[in-house]
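What follows is chain A paired twice: with chain B in the first complex and chain C in the second.
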Partner chain A sequence: MALATLVVAGFCTAFAALLVVAERYLLNYGQCKITVNEGARRLDVKGGSTLLASLMGEGIFIPSACGGKGTCAYCKVKVLDGGGPVVPTEEPLLTPQELADNVRISCQVKVRNDISVAIPEELFNVREYTATVERIRDLTYDIKELRLKLIDPPEISFTPGQYVQLQAPPYGDNPDSVYRAYSISSPPSDESHVELIIRLVPGGICTTWVFTVLKEGMEVKFNGPHGRFRLTASDRAMVWIAGGSGMAPFWCMVRHLREKNIARACRYFFGAVAQRDLFLTGELAGLSKELGWFQFIPALSGKDQSQWSGERGLITEVVDRHVPCPDSAEAYLCGSPGMIDASIKVLQAKGFGEKDIYFDKFA
Partner chain B sequence: MTAGASILAQITVAQQAPGLMAIFFAAAITDNILLTRFLGMCSYLSISRQMKSAVGLGAAVVVVTACTAALNAALYWHVLKPLGLEVSLQLILFIIVIAAFVQLLEMIVERVSLTLYFSLGVFLPLITVNCAILGASLFMINKDYQVVEGLVYGAGAGVGWMLAIVLLAGIRYRLRNAKIPAALEGPGITLIISGIMALAFIGFSGLIKS
Partner chain C sequence: MKQTPQEQQIAARMAPGVLSREGFLDGDRRALAEIIDTDRSAVESAGLTGEQLADGLEAVLKAAMAAMGREVAVGGWTARYREAMGRIPCPWGGCGVFPKGEVEMTQPTGGGVLRFTPLSVHLIRRHSFYQGRGTRYRLEPLVLARALGMI
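Entry: the complex of A and B
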């Protein structure tokens, strides 16, 4: 028995040593340089691991669902130079067009020499942030505004309309941390802060955590910015439609436009059931007065609104009454799937093209 | 498993060692490790969608089966047998040898030739745990083969496995345009085809009158 143990242990040790030595000498590629987006960032990494792992190790978050097994095909990255031939495990996952464009599956590409890659700007900017809660304020009975002060990294750069994924750590009966997406409601000029508008979802893990556990001064983690729902750079007129916490991206956008002196004609329709669901109305009405190009139109759909002198009815009906024929206009929608689907129908009936309607649906 | 293998080993000890050619063809055709013993089915079913990957994986299996069978034969006859540990340790040490060899081979291939690595090396991690490779080593011991015979037997078993996966890839290529009942698409029809192929290979072994 002792002999058997000795033999097995001996063989295992010998093979392990052999592999360690072999790896040291055979797979030593030294330091390699990864050039990202033509020099926007230069990374010095130890060669030999995959491109995906090397980028992730340097804090560039490439989406990946399968964990580097080469099956999900989410981690596509354009490799301009130094990627070597396409590996057979990549081929089934790439279209002929992607092959022609030098797109590679980054978990299957090994860093063996200096590599030059192109990463979509929005992924390149994604980081994990640590922040402290500077302020929590009640906007309505079930909506809170979170103001986060960034600690590491200390600044964030994003386009109005984008969101971050807030991490709710394990608490109570929830053993795992979860991530939930919230649009940034503060303007990008405030680089060291991020504000989020969060509505309590009954039974929601993250929102319940925000409402019951999270206190001012606590540390939180989030990653971002994400999302293609973004203010475009054009000067076309805009129609904004939101409900509930769908306010967030527009509260960011209007302040951004004001700061940058971008006078794009804009009507902002905000739908709520009753007056107690409305928030930031004072601020937005003030902006409507101050800015000639901006008009805030809140509407209530509930029955008994005797005190209310503003618009009434479902937000889609209000939009239908107010929006003229869109000669060249863009529409931005943020809210519940039901509201968005109904609004898209109304807008399309008015002649908005599919390409001119941007939306961010709550999942 | 080891106890059963050792009993089988004792039974077959009495048999006379046949010539190397006979060992090779018996391992590849009549005693096909995949289609008559159903070992290594997992990668056989999943990697047979494209001919190119089937050939690459098959070639990797040939190399690894041949080399590990020879290594394991040497280990068995020159280390374990003299120490009297062949029954208790053959399974665990065979697995360790195969795992270490595959890793080492992958590193060497990657360093020596990237072209070879991309056509063959990328499949190596997939077959570290391929049971056909361990099976070849164990059957070889059952048949009482020495190192050279083990090498030939391993190569034969590997070629047999490659033959089976390449044939299946060919059939699956033809099936792409065939109308297959929805419930049988994918693994279903592949298993049925494998069954029919196995029947044909049993036909080969019927040629030999024992």
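Entry: the complex of A and C
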């Protein structure tokens, strides 16, 4: 019985391998046409690749965290025609509504014939950039700031709050390139540079590369800008709440507002455990003094912070103490899911409406 | 132990550099099914289920996450959540993505240290997988059960 099972399993494995080899080397799907957004773009691609790879090859960068392995479910695209049936690896990643709306996991869809897709217009502006690392600065013991000088294209245009996907090339035991998302911390006026604030993730492929391999002068690649986390165009007062590398979009935003002379009342709450977790405090305290409309409020939640004369407690407790009824204020949050969920509860208890709270979870 | 094509695919996703730098197996040369079966037997021998261990671990995770970086007391241990940007998918695929932060549980008296992630809770609950020996997030089932006060 065991032998029979082994024989069947072995046969199935060999047959599956044969099919993969045959598809890769023998099948020729020829040239296929990808119609994007009802003809806004028409792409001629070689059939046989995934939809994600085909679009990337034509300069349309769909966000993807797992590098096309069909596990992260970030690379969703609406396939209007020609995508074939949903494959078993896609089904668990799609909601019933998405299935009904013809949303597909683009790294799992093979381009075998002409295909028609709909993607958000903003992805047309995403480009791949080559840059050199101009400076690496330690902001804390586990947070670094990268300053990248753009080479090709030499300039970037983005909205404060947007992010880029940095490519970590193969290194050490890591055989493949991976992309990871980081908010841009430099202001858009510095068109020839991009700055990123990166915290070391234990076991993280990209952050370990940044912390142990990447050196000043090296060349890197990234694509972007991505994302819809941005300030509204209103003049309403703002509450900003962040922790850790959630600092990045706000460090970009406050400098952008200053440069544009946009004096929107703003209280920026930044939570950390200990003083060694704080960074850019001198610069932000300076802006607090310089700008009448901006107030930076760092807070520490650790027990043994006897040298600290600032705010104490969880950032949610500090927000609760300092933020009055919202009147017509907006709140912007960036940080861990736990911090954001807890902050939303506090803000809603104060009367902030759901539509007045904008957030960028570490995701 | 012979692996099915599906197990081979999952094990390939567990290799270093695919989903995480160190992967989920490290130097553990056993087949995935063998790792799972061995740990499941250990849990059952203690009169427990993976579901119970996952419930206990999830309670620690929630308490640590709510403390936003501060230490919380959990039985005779302390736990601290260290946030991290990004999400990691389950190597089985199709189970969704999980925050990358980690919880470090330390035993002030005995010096024990356990580390786990939100994904660890899912791997135990859904797949009875406690990760390969030698990995950063390996949880020995009986050590875990003792830490959670279940045995």
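Everything below uses one rule, namely that the second predicted complex is superposed on the first by the 243 of 363 C-alpha atoms of A that agree within 3 Å, B and C clash if a C-alpha of one lies under 4 Å from a C-alpha of the other, contacts with A are read in each partner's own complex, and residues count from 1 in each chain.
Methods note: contacts are C-beta pairs under 8 Å (C-beta built on N, C-alpha and C of every residue); 3 or more make two chains touch, one makes a residue touch a chain.
If you're wondering where the values come from, they're calculated on a predicted model, not measured in any experiment.
*Asks:* Just to be sure I read the superposition right, which of the two partners does A:T89 touch: chain B = first, chain C = second, or both, or neither?
*Replies:* So A:T89 meets both chain B and chain C here.
*Asks:* Is A:P249 touching anything from chain B or chain C once the two structures are fitted on A? First, second, both or neither.
*Replies:* neither
*Asks:* When both complexes are superposed, which of chain B and chain C contacts more residues belonging to chain A?
*Replies:* Touched residues of chain A are more numerous for C.
*Asks:* Does the superposition put A:P187 against chain B (first), chain C (second), both, or neither?
*Replies:* In the superposition, A:P187 contacts neither chain B nor chain C.
*Asks:* Figure out whether A:G227 sits in contact with chain B (first) or chain C (second), or with both, or with neither.
*Replies:* Neither chain B nor chain C is touched by A:G227.
*Asks:* Enumerate the residues of chain A that count as touching chain B in its complex and touching chain C in the other.
*Replies:* Overlap of chain B and chain C footprints on chain A: residues 12, 89, 91-92.
*Asks:* Given the complex with chain B, which residues does chain A contribute to the contact?
*Replies:* The contact residues of chain A facing chain B are 3-4, 7-8, 11-12, 15, 18-19, 22-23, 26-27, 84-85, 87-89, 91-92.
*Asks:* What residues of chain B sit close enough to touch chain A in their complex?
*Replies:* By the definition above, chain B touches chain A via 49-50, 52-53, 56, 79-80, 83, 85, 88-89, 92-93, 96-97, 99-100, 103-104, 107-108, 110-111, 114-115, 118-119, 122-123.
*Asks:* Quick check on the complex: what are the chain C residues that touch chain A?
*Replies:* On the chain C side, the touching residues are 2, 4-5, 8, 13, 16-22, 65-70, 81-87, 89-91, 93-97, 99-102, 136-137.
*Asks:* Provide the residue numbers of chain A that touch chain C in the complex, in ascending order.
*Replies:* The touching residues are 6, 9-10, 12-13, 16, 65-66, 69-73, 89, 91-93, 170, 172-176, 180-182, 199, 201-205, 208, 243-245, 271-273, 277, 301-303, 314-316, 335-339, 342, 362-363.
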